[in-house]
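Handing you this structure, nothing more for now.
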Amino acid sequence: MALLQVKDLHISFKTNAGEVHAVRGVNFELDKGETLAIVGESGSGKSVATRAIMGILASNGYIKHGEIIVEGKDITKMTKTELEDMRGGEIAMIFQDPMTSLNPTMKIGKQIMEGIIKHQKVSKEEAKVKAIELLTLVGITNPELRFEQYPHQFSGGMRQRIVIAIALGCNPKVLIADEPTTALDVTIQAQILELMKDIQKKTGVGVIFITHDLGVVANVADRVAVMYAGRLVEIGSSNEVFYNSQHPYTWGLLASMPSLDSDGELFSIPGTPPNLLYPPKGDAFAPRNQWALKLDFEKQPPMFKVSDTHYAATWLLHPNAPKVEPPAIVQRLRQSFGEKGGVLD
Amino acid sequence: MSKEKLVEVKNLKQYFKVSGGQVVKAVDDVSFDIYKGEVFGLVGESGSGKSTTGRSIIRLYDITDGEVKFDNQVISGKISKELKRSLTREIQMIFQDPYACLNPRMKVIDIIAEGLDIHKLAKTKQERQERVYKILEIVGLTPDHANRFPHEFSGGQRQRIGIARALITQPKFIIADEPISALDVSIQAQVVNLMQKLQKELGLTYLFIAHDLSMVKYISDRVGVMYHGKLVELADSDDLYENPLHPYTKSLLSAIPEPDPIYERNRQRIPYTVDVHDYSQEQPEWVEIRPGHFIRANKKELAEYEKQLASKAK
Amino acid sequence: MEAMKQQYVSPQDITGVDESLLILTPLHEEASEKIESKNTSFWSEAWINLRKNPLAITGLVLILIIVVLSIVGPYLNGGGDYAAQDLMNASQLPSAEHWFGTDDIGRSLWVRTWYGARISLFIAVVVAAIELVIGTTYGGVSGFYGGTLDIIMQRIAEIISSIPSLVLLTLLLVVFKPSIPTIIFAVSFTSWVGMSRVVRSQILKYKEYEFILAARTLGASNARLIFKHLVPNVVGQLIVVVSFSIPSTIFFESFLAFLGLGLPAPTPSLGILISDGFKSMLLYPHLILIPALVLTILMISFNLLGNGLRDAFDPKMK
């Protein structure tokens, strides 16, 4: 049984101009010990969907429809107190900016202990031992000494480690990481990603990793969900999405990243994402899609099955749709996979 | 590409006083040249001084020491009013944050026309409007965008408005300070392609500042790597990525995430600390180890790097 | 997993699709750049936000009513002269002849209340205007130029703001007689410091924004930076500060009147009327209740409007 299931989730925001349909029917699930990366640009609904899972939507946002099931309980029907217990307990979250997620006036040891005491119901002494263990786990040297220090005495990368330690202190089953490395330098980013993978191995926590960086996704994800304009357009194992992508939006994302050996003009997706005040009738990506079919403008494509684990919402998968050539980089990725002897799992 | 120098930076130092009487050496003795028509990439992590270098060149800061030349004229320190005026037309800047770089209270037409207004380049209202419309078209927007306010645009569109504003005075040299790092992946390619197109069509020269090494490699002809206020390595971009010599450059290159899961699973990261350099006996210098390939090293390290290059050449 | 499977379709099983539409269509790049939303400026956006706030609108309407009454009120109900005495009709309760009744020397309370409101509002608005001019200039210069000048100007502002207005006014009264100008002078002497602090902090914030740097790289003069770029961004904040400054000045003026440091007779202000009414509160409660009610409504309304404006201008609300 999955740790977390999201079923037909619809989220809207009330604004002066009207209702913004930020998430428009999203389904996914997360298993124990797996990392699901949700990829998409700003406004795709990736952060909104996960904030709904945490129960921390902005005050003008509301869940219009759908279920979020954590360990058999639907959190969209929970009371405020139940939600609070669950938040931090079952599900913990780490954010992009480590400085604003830490209390600047409190010693970091105390900040880690707070969650441990609240969610693991242990004494202060035990909590301290656990907190120091956690500091060691997230790779902070001299944990006893560091325990007594304040956030400003740490560098950006170290702060993000502490934020991770705080999140883990609650013994969560699901960890939501919202762009946790975007604010960090590449070298520090690589360290934090390694740390997160290592922790996952040790604790078996399920991770939802939100990012717009496909390089990071390739590094951390077991499965990948691609979101566009409030809907999933493709979901599958990491290999399936990178080496056998089906949706033109996924192609666009893969092709618009320069690899270290790319030359000539970069592939680019033209235009701008749609305004979700006025959600389009068919596939929201159609106006920016050079492989758009007439039907894409008329009718929302269903999630077509590619394999048991791989689905994509594009009419190109219709048996009678014209065959198209994906961009060169996508073709090269497909080829390289075969050459490396990979098998799509 | 001609080998004519457009920008010459010599021993640039930019120190800032901070509270407690301390001095931060944001840029410490940095020298490089930028040739006409090239894209010069500057990479480094936050706090490496790469943005400060750009801002010092365009005179947003008064430099502490050193010299900057533009078109064979000294443009740092005290300069004449006329020169200042012409520089503000010839050197322009593109900024990082598409949300903070446009005045939220101004219409797009007034934002883009600011250069025209300041330098009184448009004689009539009609001409002003026509020039703005033309530049909007160049950056892929339309005249009906002109009367809107910035908050109605997406990040990529705003960044293109920022580019239009920089282009209106017909500059020769553009400093792009992390122009894509705040944008979504799909939009980054749009902006980079636009910048390349403009460079070819208008014969622009860029200083492209970024921390995204794959994008810098892609767009730049030559790349300089900064670490803690100092340039540590500078070479043609292909050369730098194929033959990195400085351990920091190697570490930086090894950390770039690639959109390829199998490559990622097998990636070996090379860590870097300053402790790998032993500068107790001899101080490092800025040396041209191969034509066009500069490195900061002392004699002992140079010998080591020579060996590496020799073995690679085989 | 089962629930999710229902969402998924095998390509073979798809039915009910107009297959003639399965053809590629060319890309229209311009279409994807279109902006659908209406063109809204900062001010219209703020007005829309404000209109949605019933409390703020109530405040605004009440303020407008009081302002109108304070202008035309004194000429209605047979009035015109706030000092006209009618000893024959002294100390009357409200009636058709005297809508708010009369005081102990037969002056129409209707006329005096609205004339008093006019004077209270006048003092408050002039003080706010002085604060705005001095505070904005001082805070703007201090924040914009920064450095040593900023440090010196901030120390001076601290010294000025530490002078208690009450002590200052008492001293002034020794030299000059209490009058509208002396009260305005005394109140605004220290109160502009608050405004200057708001302006300075806003300028310091916006000064580092990239749009200011962009204007500087284009060669914008300081005057252009200040008036074209900084001021328009700070105006929203200034309006909020002013909308809170007006009621606090009205209150301070009433407070002075109550202490006997107010305007000399027979000039009324809301504070003077309350202070006079207080003397005969038990016998003629309407003499204190009516001006007190007007004062209260005015204070509450300005506070409601101020809060509403603050929310309406808050960019986080967008």
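Should a chain be cited, it is by its letter among A, B and C, assigned in written order, with residues numbered from 1 in that chain.
Heads up, the rule we're going with is that a residue touches a chain if its C-beta (ideal position, glycine included) is under 8 Å from a C-beta of that chain, and two chains touch if they have at least 3 such contacts.
None of the values given here were measured: they were computed from a predicted structure.
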Classify the chain contact graph as line, ring, star, complete or other. complete
Most contacted chain pair (by C-beta pair count): A-B
Chain centre separation in whole Å, for subunit B relative to subunit A (CA means): 31
For subunit A versus subunit C, what separation do you get between their C-alpha means, in angstrom? 45
Can you tell me which residues of subunit A touch two or more of the remaining chains? 270, 272
Would you please write down the residue numbers of subunit B that are in contact with two or more other chains? 157
Note: subunit C residues in touch with at least two other chains are 29, 33, 35, 37
In the complex, subunit C residues that touch subunit A: 1, 3-4, 7-12, 14, 17-19, 21-25, 27-29, 31-33, 35-38, 45, 48-49, 52
In the complex formed with subunit B, which residues of subunit A make contact? 41-43, 156, 185-191, 193-194, 212-219, 221, 238-239, 242-243, 252-254, 256-260, 262, 265-270, 272-273, 333, 336-337, 340, 342
Could you please specify the touching residues of subunit B with respect to subunit C in the complex? 55, 58, 60, 84-85, 88-89, 91-93, 95-97, 100-106, 114-115, 118-119, 140-142, 145, 147-149, 151-153, 157, 162, 165-166, 169
Could you please specify the touching residues of subunit C with respect to subunit B in the complex? 29-30, 33, 35, 37, 39-42, 209-211, 213-221, 224, 228-229, 232-233, 315, 318
For subunit A, which residues count as touching subunit C in their complex? 2, 5, 7-8, 16-17, 27-29, 270-272, 275, 277-278, 287-299, 302-305, 311, 315, 317-322, 324
